[in-house]
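Pasting the structures in now, so scroll down.
Both complexes below contain chain A, partnered by chain B and then by chain C.
Here is the complex of A and B:
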């Protein structure tokens, strides 16, 4: 009976089912009738909600390379228990981005063209190759988790031999990719609002994604504890929170310096939708979390840790959405709001990503230590044996 | 406005999830309520916070049920506050059979060892060396051992909820008395204590460390 547990109705299962059904209908509309009929995109504003979510998916996946580098290159093994969740998040984040890109392409059947038709002068070319290469790296980084489950020791040994090389490649591709999203907007200086346009946009994108990616790991740890009744590793998470604090301060100093140097402070005094959203982005995504996280007691308090992670993620969402949508709205001359199909497909993919994360966490040793307890419990009741597992 | 809509949707989903959990009689792990939250006089910031789903034993360890017969075990806030500089010395081997009162694990405090006794009969299933190496910040999150045991809530030597909170507050008071009673050496405590002053945390710790055997007898016996 246990294998049918997932069929038991619950509030979130019903909501998820409705979203997925709606999303499938919209996906049919998108591919049957084309972008023009199913979206509110237009010729002068061809990038909308889906591009914004591409930025979010990639940005929130940044913990994958950050944590992998921290543990495997800098040998800070304190964070080892969160390497797998971070890589899984990155893997799912990138899969979400790939799905959204296929939906967003005018001619999705030609998605493979950049593989053989190289245009080395295009930023899009760099982005495409970074996605391909980093997704491959993530697959290799996550493969041991799947292989462990099926006790395939030989392939694990082979992968371990190349693991450092794979991690270094991952850091390189991910760094290139995170910053190349910023570079994408360097080619539209007249279109992106000056509050967000900057020659340092690639650097901003890179620095901000590290804080957001780490916050995502904190947020996911709470989701995991909520779903599987596991404990919260406060010692690790408060360490992450300190790294987020440093990242946010660095990002703020960089932004402020750049605003002063480029003479952009004047734009902060002009009342506009852009200015209000910029203030909101900086307030909830930087200033408020910096205030919370700079207090050691609050950083070690699970409630404030959760609140600060939600704030940093919210600020990051605002930032990426502001760059991709708010910042270009005025220059496109039209007010864009996504259509039902755009919203529905996006929600469906987000729900599928959450379900995929839940499925993998439930069935594979991702949250090592915490998860192994449940596996022990299941194995014990199934086999009634005294098999012992030591979590190290 | 798209940016605002996306953020509000994100926050709205979190809010709805909180309400769903509240409707189900559960609490989000970030906002897990304690039965009692109180401060004690001996340490400046020793709050009594006991999560709902835990049992405390008189040997100052907590137990949390994972699944049928499996319990996660860690040390409670009282031990954590009493010894901020202790480190793990000895773990039980997975598979070891333990009887009520056997040494479950050992800490090193200075150059002495502190034995924590098992409040149940059972078999050690798993140990958590990774987290045990780290400093304990949140004692009720950092587990050390998983044990396979019979139902523990049916036994009398466990406390939960309000009873646990009242008991542990009493324990902190007893600890204060213990520190005073063992503070004959004024060089350690300072004369201020006799005028109603409190020993600073490091001094209280030093006294407890110096009289570790007495501490074990007084606070860790079952």
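Here is the complex of A and C:
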């Protein structure tokens, strides 16, 4: 009986099925009739929802490299239990982005061209290579989880030998392309609204992705705990929350000094859609979560921790959408709103990503929660008692 | 990059006849897109336009920049500058990321949105004709020499002398000489250029420099990052090791001291 559980209809299953069917239809439409028939993109606004979502997929996956660095390079082993969820999130996020890029490219059959046709002056070229390299890194980092399940010890041992090098490479690739997504817009000072355009865009993108990526891990941990009835390790999540707090404050200070130095404060006083969206973004994504997280009691409270993670993620989404869509809308002379096909393909990929995440979490040892730690604890005490005997 | 060929467009001479527009369509085998040519826009099928501003007319086309954004941003190098200084596009390389369209300071490149194998479209300074020693189609068709084709050096000379000889007739600026690093299409006019729909407020420096300032830091980020991360790894590992050993020793000495106690408990 139990194995047929997944066929039982539920609200979310029906919604997911509808979204996937809609998405498949739109995918067909996109490839059969071209971008013009399936999107609302146009000549002076050639990038839309899909590019924005690429920023989100990569940005929210940032915990993959930050947590890996924290645990494996800075040797802070307290965060070990969230390494795997972080890497899985990154892996799925990047897969989503790659799928979306294939859909978005005008000539998807040429997607491999950057491999042999180089233009080292292009930010896009650098991003392409970093994403290829980092996806490889993520595969290597996540491989042990799969290998463990099938009890293949030899490959794990080989992977372990290179693991530190792989992690270091991953951190460098991530730093480069997370920031380079911001660099994409350096060449369009006339296009991107000054509230977002800055010569420090790459730095902003890098700093903000860290807070958002860590918030994503908190968010996932809560959802996962609810779905599979496991416990939440509050001490770890509160530790993350503290890191997010520092990151948000840093981001805010950087933005403020940059606004003052570049004389951009005036734009805050001019009422415009852009200004309102900017206020909303800073309020939701920075000020509110900083207020919540700077209170130690709230930081250690489940409800508030969850709320602040949702706020940071929402603020991040708003920020990237502002850069990729609303910030360039005025200069493109036409109002852009994504078409049905753009939205439905995006939704389909999100649903598929969630399903993939659930599938992997269910079938592979990703959230190694309390249980395994108890085992480790038992092993340790066993070792200690052995030592006692030896020392006698 | 003052050698090479280019175009000088003089607004004071243009009568808005649309001969350049028609000639461009014929030369590039493009279908008609608008019955009233003065109201047409740049598109996949229209690579140059004549726009009306009161009694003045202004041509728009690719400016063939000296250091073009499109050449710099294309991840696969679909764009390049040829021997005449024209910016040309290779459809066989293009992957369709449309970064060129996003990055162009003059918003020139257009896309074949309706096709399943779309190309980016823009003026290529009639490079095929230039190779045969001819003028561009638009310059050849122009009845008033409002569109002048020639060597860049000569065009700049002509433009400068016109501005100098008729200071009241011309707004004293050559558009396209320095904007975004300058290019191979120059415009002179009796009024400020933003009033004729030309992109104003462009920096004089080439746009790709804005990107290069960030890109040139990549090697140092890689080197510094690698060294920093490796060092941190060794340091923190060593620190943990020492801490563990100290703990062990403490544990041992405690054992020795309280040995009997533990023994009894065990």
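In the analysis below, the second predicted complex is superposed on the first by the 369 of 392 C-alpha atoms of A that agree within 3 Å, B and C clash if a C-alpha of one lies under 4 Å from a C-alpha of the other, contacts with A are read in each partner's own complex, and residues count from 1 in each chain.
By definition in this document, contacts are C-beta pairs under 8 Å (C-beta built on N, C-alpha and C of every residue); 3 or more make two chains touch, one makes a residue touch a chain.
The model shown is predicted, which means the values in this text are computed figures rather than measured ones.
Residue contacts after overlaying the shared chain place A:287 against neither chain B nor chain C.
In the superposed pair of complexes, A:20 makes contact with neither chain B nor chain C.
Applying the stated contact rule after C-alpha superposition, one finds that A:78 touches chain B and leaves chain C untouched.
After overlaying the two complexes on the shared chain, residue contacts for A:188 are found with chain C alone; chain B is out of touch. Contact with neither chain B nor chain C is seen for A:330 once the two complexes are overlaid on the shared chain.
After overlaying the two complexes on the shared chain, residue contacts for A:132 are found with neither chain B nor chain C.
In the superposed model, A:11 lies in contact with chain B only, and not with chain C.
Using the contact criterion defined above for the overlaid structures, shared-chain residue A:249 touches neither chain B nor chain C, since it reaches no partner. Residues 388, 391-392 of chain A contact both chain B in one complex and chain C in the other. Of all the residues in chain C, the ones that touch chain A in their complex are 42-43, 69, 71-77, 93-99, 101-103, 105, 107, 109-118, 199, 201-203, 207-208, 210-215, 218, 221-222, 225-226, 229-230, 232-233, 236-237, 239-240, 251-252, 255-256, 259, 262-263, 266. Residues of chain B touching chain A in their complex: 1-7, 10-11, 14, 17, 20-21, 28-32, 45, 64, 66-70, 72, 94-95, 123-131, 134-138, 140-143, 146, 148. By the touch criterion given at the top, residues 11-12, 48-49, 52, 78, 80-81, 222, 225-226, 229, 231-236, 238, 273, 277, 280, 297, 300, 302-303, 305-307, 310, 313-314, 317-318, 321-322, 325-326, 336-338, 369, 372-374, 376-378, 380-381, 386, 388-392 of chain A touch chain B in their complex. Across the complex, chain A meets chain C through its residues 31-37, 41-44, 46-47, 69, 72-76, 104-108, 110-111, 113-114, 117-119, 121-126, 128, 164, 168, 171-172, 175-176, 179-180, 183-184, 186-191, 199, 202, 328, 387-388, 391-392.
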